[in-house]
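Note that chain A is present in both complexes that follow, paired respectively with chain B and with chain C.
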Partner chain A sequence: MPPKSTPAVAEPTSAVQTLWKAYNEQTSDRLKFIDAFLVVLMLSGIVQFSYCVLVTTFPYNAFLSGFSSTVGQFVLTASLRSQVNPENKNEFKEVSPERAFADFVVGSIVLHFFVFNFLG
Partner chain B sequence: MLLNSLLLLAATAQASVLTLHAPRVTIYDSNGEGIRTEVLKLVEKPKIPLAVGLTDSLKLVFQIIEEGDTSGKGVQPLQTFLRFYDPETGEEGIQPLRVTPAGKSKFELNMAKPPLSIPPTTSTPLQVTLIIGAHKHTPLKIELFDLVLPESHPVAQHPDEASFHLLPAIHHTFRAPQKVPPRPISALFAALTLSPWAVLIALWIRSQVFPSVPHLFSPSILPFTASLGAFELLLFWYWVDLKLGQVLLYGGVLGVVTIFTGKTALASIGARRVARK
Partner chain C sequence: MLSFSTFALFFLSLSSLLHAKSSDGDSVLVVVEEVHQKDFTIFFDGLKEQGYELTFRAPKDETPVIVEHDVPAFSHVIIFASESKNFARDITPQSLVELMSGGTNLLIALSQKQTPLSSLASEFSLILPPPGTPLVSFFPERKDPPSVIPIDAPASSLILSPKLAPIWFSGVPHALGSNPFLIPILNAPAESFAADSDGAADALVDATEKGGEGLWAGSQLSVATGFQAIGGARATWVGGVDLFSDKFAKKEVSKGVKSGNTQFARDVAAWTFQESRVLRIDSTTHHLVNTTTPLEQYTTNDNIVYTAEISVYNPQTSTWEPYSGITDLQLEFTMLDPHIRTALPAVPGQPGKYSVTFRAPDRHGVFKFVINYKRKGWTHLHSSTTVALVPPRHDGYPRFLSAAWPYYAGAISTSVGFFLFSAAWLAGESRESKKAKKAQ
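The block that comes next holds the complex of A and B.
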């Protein structure tokens, strides 16, 4: 379904509302499922970063590993999302959703290994 | 035991005693003229110590003979030494002497070129002892005389001497321990850091986007999820206890298992997806 056209002079709030509505209507549940995880990773990263800025950086290696785990997991999940999105089927002709998930799993295991290695 | 004692007694009885014939010591000045001559008596030292100046020299001559032998035939012992001993400092020097087959020996001390065997000297006279060792005779040790030599120069200070003293004890200064934030703040932020997971659950459940997983416990899927869980447990174990080599070994084994389970699981999912189309 094509996005609904909006007036050119629309209010910013109505633009956001339209975007939200279009997202809700046009995005499959599976992608929303992944998007929820992406939002959570973002929130977790924001909380950790604000703790580092507002309270203390000690222990610094724990902060670095925690923050980099959220960033790395975000990147891996975002690539999974782009590869399993039916809209991008033409761009990833050779990559089946199962293959994308396998890549995501391998990448996550390697990332978690480095994160636990650095956690201290 | 008794035989041994008898043999030892016989050997001691047979061993003859050595003595010196005409032991004489002379001190010469720088012109070679004799200043003082002493005929040594062996039973007692000269009462006045012999003094040798910086430019003087000393000559000691003697012949080693068997006691009671008047034929003039000398004895060449195995070892003959002069010992110079300073009772004050405990320093001593040993000078080996050469003895002719006729038992004659001489020792010359030239203060212009003193031998290395002379110990460092103080104002205390050196005790000069003659020590003779021979295998057929009982050993002989004779206090010859006391000898006053010019005092040695004080030992020059080694250039590194200042370095060889106890250094002041090292006091390590450690960095002050890191400040830990108050507990309530730590607890608040721990809760905040964990809260996104609650958000995740809420998002998944309230917006009803949680996909249905009818095959989660099927024999083709369950081993894969179990091996993924095992990987996370292994990494947690690594954080808590394991060493790097161990985690790489276990991870390698688990990786092989996961490859097979993953291939099975994803192949079955793929087959279902293709069949749905």
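The block that comes next holds the complex of A and C.
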């Protein structure tokens, strides 16, 4: 989308607003849904990390598993997002969206298996 | 019939009184010159009445031997042969020390002269004045020579009976070294000093010129001192053998008042021969709180109950009786150092039982429950029980910690989020495929 006539300096928030607007208009619901999940995971990770820094790292294994579950899930979800994004079709020619989702599910289940083993 | 049985009971109790015996055995070897044997009849007859079996032996006799086949042949040894310079081969300072470590009690009288026993005395941290200087005192005024002194009994004593009449003494005093196992029984009077009895006044003048240096004087000197070895054997050193003699026992302190020598000798013998102030630990046990069986290993931070049962010897009945009178007993839980040292109080209502509950330290290793009770005059109590203190087993730790709930919540919420996300994704997919079908 071409920039509008109003100068960016005069209105510093306009760039963010533009970005937000463009995102709302151009992103499919499916990708928005993935992004919402990513935000939730990020918030969860931030909460856990700040608890670890501010309160206690003990028990450390619980912190590692809790934090890495959010990070791992974030990475898997982000990969899912890039694979199902129609704009990336040329990049992942042999990966259909169904295949991508199946990979995501298997990866997540393995991740959660390790997380809960390491948690207690 | 009834009167007869009470009569019999009375006699039975009387005989048990007469046969008050030592906790350590009844055989006594008395090393004394035959000439002097009859000088101590009151003391020796008193011992025989109490049930001791006395065997007499002159200092130079070879038999009966005191150690036979490396085993002490007697439970107690009295050495009144203070004047002898030469003893039979088996009575040497070394052999007497060996006897003590074997558990034999010694009652030894010293003399003014230099004898083998004088060198033994210094091994017990008793410091003797130069030879030939007995204790002399010119107070109180009396007809007796200055070296025959009436000594007031101490107001309170662990060993002597209370309210004892003054005790006649004639012999050498000794100063006490820093040995913690020494127990002063009778101190010299404050105005007494050690000097050659002929030139006592000159000795005082000499000492005054030197500012009191070299004068053995005052109530810090002892004339009768007890010693208790680690193994429990007791030795009593008395400065002069006359203290036990019939002459001093019958001698009046003042008109109509008999001396306290007879009772003093009896009290000293009772302590030395382990009749009085004898304690023992009957049993010790340990277990977890709310259980009864002792474990070989405990876990760190366990709550452990330790119990000890202690008895005192009652010479009247020759039996051991439960004793709850110790107020300063302590228990140590040690691994090299005591990690825990706590009071071990008597359990009210259960005589002889001492018990304490404590939390094991947060430190694993091989620990010992130690009771180490050493008090002057009393038998030393020592007990040591080894247990292992181990960290919790892998499944002995708490599974979920409250501090970790944010992490648990994070992990669980991620899984739940993943599940909901997948469900919504699949639902969305089917809806889209329906739409697509409709569009077609």
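Assume the second predicted complex is superposed on the first by the 108 of 120 C-alpha atoms of A that agree within 3 Å, B and C clash if a C-alpha of one lies under 4 Å from a C-alpha of the other, contacts with A are read in each partner's own complex, and residues count from 1 in each chain.
Quick note on the criterion: a residue touches a chain if its C-beta (ideal position, glycine included) is under 8 Å from a C-beta of that chain, and two chains touch if they have at least 3 such contacts.
Note that the structure is a prediction, hence the values are computed from the model and not measured.
S.K.: With both structures lined up on chain A, is it a clash or a fit for chain B and chain C?
M.R.: Pair status: clash.
S.K.: A:Y23 contacts which: chain B (first), chain C (second), both, neither?
M.R.: Once the two structures are laid over each other on A, A:Y23 reaches no partner at all.
S.K.: Once the shared chain is lined up, is A:A102 touching chain B (first), chain C (second), both, or neither of them?
M.R.: first
S.K.: A:F63 contacts which: chain B (first), chain C (second), both, neither?
M.R.: Touch partner of A:F63: chain C, not chain B.
S.K.: Which partner does A:Q73 reach: the first (chain B), the second (chain C), both, or neither?
M.R.: After superposition on chain A, A:Q73 lies in contact with chain C alone.
S.K.: In the superposed view, which residues of chain A touch chain B and also chain C?
M.R.: 29-30, 33, 37, 40-41, 44, 47-48, 51, 55-56, 58-59, 66, 101, 105, 112, 116, 119
S.K.: What residues of chain A sit close enough to touch chain B in their complex?
M.R.: 29-30, 32-33, 36-37, 39-41, 43-44, 47-48, 51, 55-56, 58-59, 66, 96-99, 101-102, 105, 109, 112-113, 116-117, 119
S.K.: Can you name the residues of chain A that touch chain C in the complex?
M.R.: That would be residues 29-30, 33, 37, 40-41, 44-45, 47-48, 51, 55-56, 58-59, 62-63, 65-67, 69-70, 73, 77, 101, 105, 108, 112, 115-116, 119-120 of chain A.
S.K.: Could you please specify the touching residues of chain C with respect to chain A in the complex?
M.R.: 399-401, 403-404, 406-411, 413-415, 417-418, 421-422, 424-425, 428
S.K.: Where on chain B is chain A touching in the complex?
M.R.: Interface residues on the chain B side: 178-181, 185, 189, 192-193, 195-197, 199-200, 203-204, 207-211, 228, 231-232, 235-236, 238-239, 244, 247, 251, 262, 266-267, 269-270, 273.
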